[in-house]
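Next, two complexes with chain A in common: one pairs it with chain B, the other with chain C.
Our next item is the complex of A and B:
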């Protein structure tokens, strides 16, 4: 592929043609703040935080949607860029609740990070703020539109990753907000609560209900693991406070990227549930009694052997689970055919 | 040429036949309807029925003199066409009796006469070309307005319609583009991009499928050029688009019209159906193997859809929000295909360029702005209406010669040009030639053609606030600076107008304006600070007066007015005390009254009520005594 060379902050860098200025800056180790950009989503160019000054152009350019060209001279930190970014932050903060002390995303919020980075406190633009009611009527996602900066990542995540297109922008001017069709709540919409919008949200507008009320971000330890629900093998991070799993967040998994389904992201309640079985149980005199794995396996083997001897192998059938991995499913069919001696093996085929 | 020649011969006969009979024509553009033209038409129908008059009744569009609507044209065989203005149903019997029955021109209601070849002129009535409203105009795009029936394809073809398409279809595609380039035609939607160059880009863009799109989403306050052209000469737009389609290699086109223009949509629909019937649109146009299908897409009420990428997104069925350029529509437009997007007036110019040649077109106007431009005169001007003038004419000529000057003999303060993206030109700069470059240099812009005249009673801070409130509600909300910035600028301006402004506000306005110009995603956000920046440039002292002296020089900002009673004039009649809704006026009968400023809500009711000129709006009084400090700040 053809390569081009451009200058970023007086340092030359060579990148493949078609690279954006933002990507080129990333390769050159130059930081550019973004709200609405995400490599997994289409380029939107809306938040204007990533503006840079390109010599020869009348106005600043959004680096996320500007392709680098040969000989381009880019400045990412000029006075005009600084002024623009600070003003944009001021404008966003002027319409933001500033309740970072109790916000579940405090410590993991781009608005907070950039406000700190650029030293922007509450600005000169005191005026009307939104006062939308908190949307808290479903078990998974808390939606606080007062914190929304309208970067539109949730809209694109829903359309482009999940393929559901539940969300879009509604209304005009200062009243613009992200909403499902007819401006109903997520619960009343066709939302499947995969939470992929939540994973994309750069601020506290979309939060995982359980996780964000269980612990502040700095009190959780993240443990990368594989989702136990199905054989896809999605990676995610268990958020652990003390020795307790308090939630799940996306990480960059080889299989799934940051995408998860509702079970993986929100179905972690079984881990510490009092009803969860932790040892095998054997029913004796009508009552389940705790047993060791040896006892349990022995009992099952005995009973299977007895049925096979008395009624032939085809009296047995095995149903496997989608929660097993491919390897486990392979072993189970091998066991069924080779040990039990029957082809009666099937699979539930879905979660 | 055969197909069109036959049509022309037939339609020209029809057209000429019209003038061999007595004829009454009512102006039925939107302005005509709004002024009651349909009622006048109904009255004419009834009256001709009662009196059994043997005349044809027809309608036309607005000739441009919106201030004279409803207008009625009467012509008798062999006589000039006479146009009457300010008609009402009551005046119809007298009018018909005089002009049709007694063949006597009713001079006091007549506005002008239009000469036809071989027609006898009336005495003592001005010819259209000598009427001051028309004498300095140069009408090409608007030449059929008020002259032909816009729903009649016969009228259009008889007056030279589709001749340009016929010519174009016999030309090489690139030659058409070169001809448009040579004419110097620039986009009439406001941007002023060279039309031929744009066509060339689309023509050269790779792809088998291309589109031609017409931007008829006119939305600037005080602008109705496109509506008038669509209502008055819809076929010219279709013809221009078809020529463009042939030149750039497109076989489909869309006209994006705002839904608030129902009459324009109706007339366009009629025009498309008729043109298809006669083989002038659709498949195998004029038997020359060129296919071009046109569709109408009605907007959904968003101003931002006048921005080209938002318009395309809206046609695609999505929420009309601008997308990032590049890629430009010429390369990736409608559904990702190369798309030529021009404004109504631009397309309407095309048949004239082809018919009369690029040299003729380029002979009009200034060095870099060729041809003529349609403008809408609104605001505090005597002759509100639609005009078409050669590029390079001065604003002074437009306002004082054509527009008849400022209403009620007031002093002109500024001209707002270019709508919410434009700026104000103050009195001193009225001699600037009207062309793309001079206006930009003066901090305004050509825009689509809205000209709002402001007089001394207009507050420049308030006018900036008005435009901001418009752009604020019309911001699509996609990019941060526009969505949040317009809100805060509007709040600051509202604060200043209500007497709560601070000196820091001026710096904040300037900073916000600069950042929005630098960073907003589309033209709406980039230019919406212009009304503020240009009024701050020319009328800074008004801003300062509001902030420092809590005083509105124009006396327009109600919160800053101080009402007082002039004890010398007050007779103590008590009328003001009675009308005051706040109970702020006290006084004994027959002795001068007093206004309690704490209670006064500044509604102005007392001022209107007083018969003795005893109530004074103190702010305006003291301003008049001040020296003129314009531009000194």
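Our next item is the complex of A and C:
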């Protein structure tokens, strides 16, 4: 493929033809802020946050939809660029509820990050404000369209990644909003609540219901792990506050990238469910009684040992688990074969 | 899977058989959708009109259990029209002549009678599959949970070899496995006939290797019992004690009443789980285990990718990680079993398992690795059978169509099939306790075709009584176009609708998989 060389902030960089200015800047290690751009989605060019100054062009260009060309001279942080970005932020903040003190996305919000970066405290413009009701009639996702900046990432994520096209822009002008067909709630639509739109949302318009009400972002520790449901093996991050799992967020999984399904993203509640078994139980006269580990282990060892001695090793059988780890399955078959002395071990692979 | 999940999006022809991918493997379905956006042809073979079937270029809505007739007819067309890959068949396979002879008996017109699919549709799909650059076959339990499940898989493999649609990127035979670590549990030797990495217990040298590593004098050489056989032998008193870790056969296995009777008959049952499941309730001792969030380890996914599970929190209450419980019991039985970390267990396993030999926790920090990975410098294997099959030449195993074990009759005139729903998982032990999934999808229903419902006087929302020769359940009826006339469907996620009381434990002779996809039932409006 043909290559071209351009200058970004007075440094030359060579990239393949067809590379956007935004991508070229990324390769050169130059940061350009974006709201509506995501490498996994089609380029939209809506938010204009990524504008740059290109010598010889009359106006600033959105770098996400401008292809780099041979000899192009780009400035990503010139006074004109800074001024434009500030104005964009001021316009966005003019119609944004500044409730960052209690917003679940505070600390994980691009609007907040860029307002800080460019020193924009409030909107400099006065005008009409949206006052949409909060949509929280489903157990997974809270939609607050007052916080929506219309970047359209959710629309594209639903169409281009999930392939369901539940969301699109509705209405015109000031009234433009993202909505399912006929402007119903997500619950009333065909939404499958994968939350892949939530993972893309750069602000607080789409939030995970449980997670964002459980802890401020800065109190949460993230631990990357593998989903416990189907055999796909999606990676995600468990969000932990203290010793409690409070939610799941996307990370860059080998298999799934940032996508998850409803079970992976919202099915973590069982971990702390009150029905969890927390102590060994021994059945006495048909009723389970709490027992110590010592007592329970001793009884199990005795009973298994007695059946092996009295009958035979093959009078014992073990079911291992497709839900447990490799290490545990390895150990249980080792235990079955080496300690119990039988090959009577199986699991539910056929179900 | 012979291929990687991501390779699905690179296929130009996808034949999805008996897989409700958008519901049971949602993230894999995204790869199918991506392939379609890039121009791939999608053919879905399923008795139900699932979401994936709705999206398909061709929905082959065959009669349940007629897969072999279809697959053989596809092969017949491909041979008759001279579309097969002669180089691949000559260079990579054996026993083609026998296969050719058998499939010759399955012209599309015969298959039409058995499957209910138009002969021309079968011809068109056969041509599409054979002519594709990269055709891939995806399947799940819709193929395997039949008395001829093994033969169904062989028919799939025959078709792939006939067209050389295997052993290359984005092209192969891809079973999508249903549980997070079902691949790993098999790889780890949690099967009656094999040690880790499918090393046979019947092979003296393998037994000697493991006995040496485990420091025992000898290991049993006779293959053990499969799940179904365990319950049969528990029923007859030959099996006296069972240790069940993290499984709920009372809900998941066919003919639940039989399973319950068998477990009740045991002298001793110990169940290790995170919840008091329907199975645990029958136990004599219950050991509280840690969930996936509370322990370190690895899972192996359906594409053979070994990935880390990381401890995020301490175990709840006084639960222990399953591996710690096993070690303690083994030690109490006079076999000292001690490991400082899960990583130490993995290392011991990897040293005994050639396909895992090059994998370690240190390497997994950089990302998952797909086995076979025989040494530490090996990058892992994205797709299998590139230059040769495991046994050398790929063997054509001709198979013939046999009908399901139990078909509808006058007494039980409808056919019941079971499967999964998007919002729930397996026996629902976890998904009905999330505070979210069960709130959104709280009750199960029976899909029934309008014609059947009308004949039975059932309207949407009525409670239907569904019974088979083995049991009955009551469930809300929902009139649905997903199922054709004569077929009803529900899931096995809900104990209130314990549908496995009805299902047929008739098994495949080879794999011992039960025929959960087909049994005869009677549906009535409940009073």
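Annotations
Keep in mind that, in the parts below, the second predicted complex is superposed on the first by the 275 of 351 C-alpha atoms of A that agree within 3 Å, B and C clash if a C-alpha of one lies under 4 Å from a C-alpha of the other, contacts with A are read in each partner's own complex, and residues count from 1 in each chain.
Criterion: contacts are C-beta pairs under 8 Å (C-beta built on N, C-alpha and C of every residue); 3 or more make two chains touch, one makes a residue touch a chain.
These numbers were taken from a predicted model, which means no experiment stands behind them.
Once the two complexes are overlaid on the shared chain, A:214 sits clear of chain B and of chain C alike. In the superposition on chain A, contact is made by A:171 with chain B only, not with chain C.
In the superposition on chain A, contact is made by A:231 with chain C only, not with chain B.
Which of chain B and chain C touches more residues of chain A: that partner is C.
In the superposed pair of complexes, A:65 makes contact with chain B only, with no contact to chain C. Looking at the shared chain after the overlay, A:98 reaches neither chain B nor chain C. By the touch criterion stated above, A:125 is placed in contact with chain B alone, chain C being left untouched. In the superposition on chain A, no contact is made by A:41 with either chain B or chain C.
Chain A uses no single residue to touch chain B in one structure and chain C in the other. On chain A, the positions that touch chain B within their shared complex are 43-49, 51, 59-60, 62, 65, 80, 83-84, 87-88, 91-92, 94-95, 124-125, 127-128, 149-150, 152, 168-169, 171-176. By the touch rule above, chain B contacts chain A in their complex via residues 302, 319, 321, 323-324, 472-481, 483-488, 491, 504, 508, 511-512, 514-515, 517-521, 526. Put simply, chain A touches chain C in their complex at residues 138-140, 160-163, 192-194, 209-210, 221, 223-235, 238, 240, 243-245, 254-256, 259-264, 266-273, 275-283, 288, 291, 293, 296-301, 303-305, 307, 311, 313-339, 341-351.
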